[in-house]
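Sharing a structure here in structure tokens format.
A, B, C and D label the chains in the order they appear, each numbered from 1.
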Amino acid sequence: MTAAADPTTPFRLPLRVYWEDTDAGGIVFYANYLKYFERARTEWLRAQGVGQQALRERTGAMFVVIDTRVRYRAPARLDDLLHVTVQVRHAGKAALTIAQQAWRGDTLLADGEIRIGCVDDGTLRPRRIPSELAAAIGLPADGPPTQERA
Amino acid sequence: MTAAADPTTPFRLPLRVYWEDTDAGGIVFYANYLKYFERARTEWLRAQGVGQQALRERTGAMFVVIDTRVRYRAPARLDDLLHVTVQVRHAGKAALTIAQQAWRGDTLLADGEIRIGCVDDGTLRPRRIPSELAAAIGLPADGPPTQERA
Amino acid sequence: MTAAADPTTPFRLPLRVYWEDTDAGGIVFYANYLKYFERARTEWLRAQGVGQQALRERTGAMFVVIDTRVRYRAPARLDDLLHVTVQVRHAGKAALTIAQQAWRGDTLLADGEIRIGCVDDGTLRPRRIPSELAAAIGLPADGPPTQERA
Amino acid sequence: MTAAADPTTPFRLPLRVYWEDTDAGGIVFYANYLKYFERARTEWLRAQGVGQQALRERTGAMFVVIDTRVRYRAPARLDDLLHVTVQVRHAGKAALTIAQQAWRGDTLLADGEIRIGCVDDGTLRPRRIPSELAAAIGLPADGPPTQERA
């Protein structure tokens, strides 16, 4: 059993830049920041006790990405050590908007907002976020004040 | 020698969904639409007579991505045939904003805006878009009316 | 309805090198040749009238890769136009070994053998290649002379 | 300063399977094991005090992959925790053959041999492995008994 996440401190995942991440410009290929952001969201959920594969098998719930916005501010290179943050910005009954940032030391490399929606893994239709997950990430049972229609 | 692109009709690239593009949700992994969009921008430039590798070798100019915004509207699956469009929305002296869409038949799967900046490939500092490229994609010598500071 | 493939002439797929394919060495990242080879196998099957998604939905049969061997002979770069070939080397009741090559003009860039096995998509257990597929790619009903036990 | 690696015990890197690694078969896409293997080789080098980006900047030496052989024995799925091993099998003046395995607990998922060659990063021509790297990974100055001509 883990405690609900403190919504005021972002979760941080360290990760390393490998050859696979770079392109012929000598820097990290921009699409790969979406992978970095997702790894961080996955580990943030795991830190709250939620494994997505287990959740899917138990409830049929799966997350899909609805909207992404990423601003690229400085390049990263092979062997750089990055930190990627996760912070819930808005939460609704069926979707979350997550603010994310990638840092190398105190240099902000990229930041963005990722909106993810909960769907049924068979039909891909929107569904309510399972209560065990909502509780794990600290959402009130009726949804938070910033609740959106998703 | 090719004619300058007609800015009123989007360029269209057909492409096929392969195993590499999908994820365990059974659909195209969302980050891969950034790859699809880039393939389309590359072929759009090539259709205007501009090869990026040759341009870089000749001028030292290279494009980097500054900002991406993508909305995901419907999933694509293995073997789907998609069409990806390219249309210049804003053009400045050193950056372009490109509107892009991915379609399967008449179903819009994803759309977004990608902002790319021209940089020196050694320093990665912003530089003016080479005149041969500006001419090829139909930008006036002084930049278009929608010119931005990049 | 398409004719069975001529086993003496390799199938050829043209493809272009994009930014996504390259790494900070300035060349195509070696793992991506496995993607190129797979795109070619997919189009080779499609040219025989076999779509893998449709086949899976109809029969529950799916291919998985059992073994790969790739030799890298010369690098490819951004914007290069490649041709990737497909030729069946051995065929068994439940597996195929495919010889593949990637060329740029008359320069051989990479070649290898990919062994793929037919499995049930639920259990991932080996199963016989569906007869419609075996017929489409020119395998005799009892398997070819080079038949292997898979 | 780190001690030379013990050649009798493989280096082990833990890593997690994310959405980006999977395909529509519900399992890790086979090409991605080459990425896993490379991450492990990179961390093995780093554990000996060798950063590839720093080495390249200092000496102009870079590794390229010459040959890969991978056998796939069991599938991995989203959220699986893997361990990837690295062990030098043969070492020459300009190339190394590395044996690698991916495990989930005591289940062997994939294993293979990766042959990498040292090249000049400008010309991509083969060159001798820099002595600082050879020393770091425990190769004798004249090469080991299993030395190959590379």
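The working rule: a contact is a pair of C-beta atoms (placed from the backbone, for glycine too) under 8 Å apart; a residue touches a chain by one contact, two chains touch by 3 or more.
Only a predicted model underlies this, so the values are computations on that prediction, with no experimental measurement involved.
S.K.: Sort the other chains by how far their Cα centres are from that of chain C and give me the top one.
M.R.: Relative to chain C, the chain with the farthest C-alpha centre is A.
S.K.: Looking at chain pairs A-B and A-C, which one is connected by more C-beta pairs in contact?
M.R.: A-B
S.K.: Over half of interface residue numbers shared between chain C and chain D means same, under half means different, so which is it?
M.R.: At the contact between chain C and chain D, which are copies of one sequence, the residues are largely the same (over half shared).
S.K.: Report the inter-centroid distance (CA atoms only) between chain B and chain C in whole Å.
M.R.: It comes to 30 Å between the two C-alpha centres.
S.K.: At what distance in angstrom does the C-alpha mean of chain B lie from that of chain A?
M.R.: For chain A versus chain B, the centre distance works out to 26 Å.
S.K.: Measuring from the mean C-alpha position of chain A to the mean C-alpha position of chain C, what distance in angstrom results?
M.R.: 35
S.K.: Counting only residues that touch at least two other chains, what does the list for chain C look like?
M.R.: Within chain C, the residues that touch at least two other chains are 19-20, 25, 27, 31, 35, 38, 77-78.
S.K.: Which residues of chain D touch chain C in their complex?
M.R.: Per the touch definition, chain D meets chain C at residues 25, 27, 30-32, 34-35, 38, 62, 64-72, 75, 121, 124.
S.K.: Quick one: in the complex, what on chain D touches chain B?
M.R.: 19-20, 22-27, 29, 31, 77-78
S.K.: Given the complex with chain A, which residues does chain D contribute to the contact?
M.R.: Contacts found on chain D: 16, 18-20, 35, 38-39, 42-43, 46, 51-54, 77-79.
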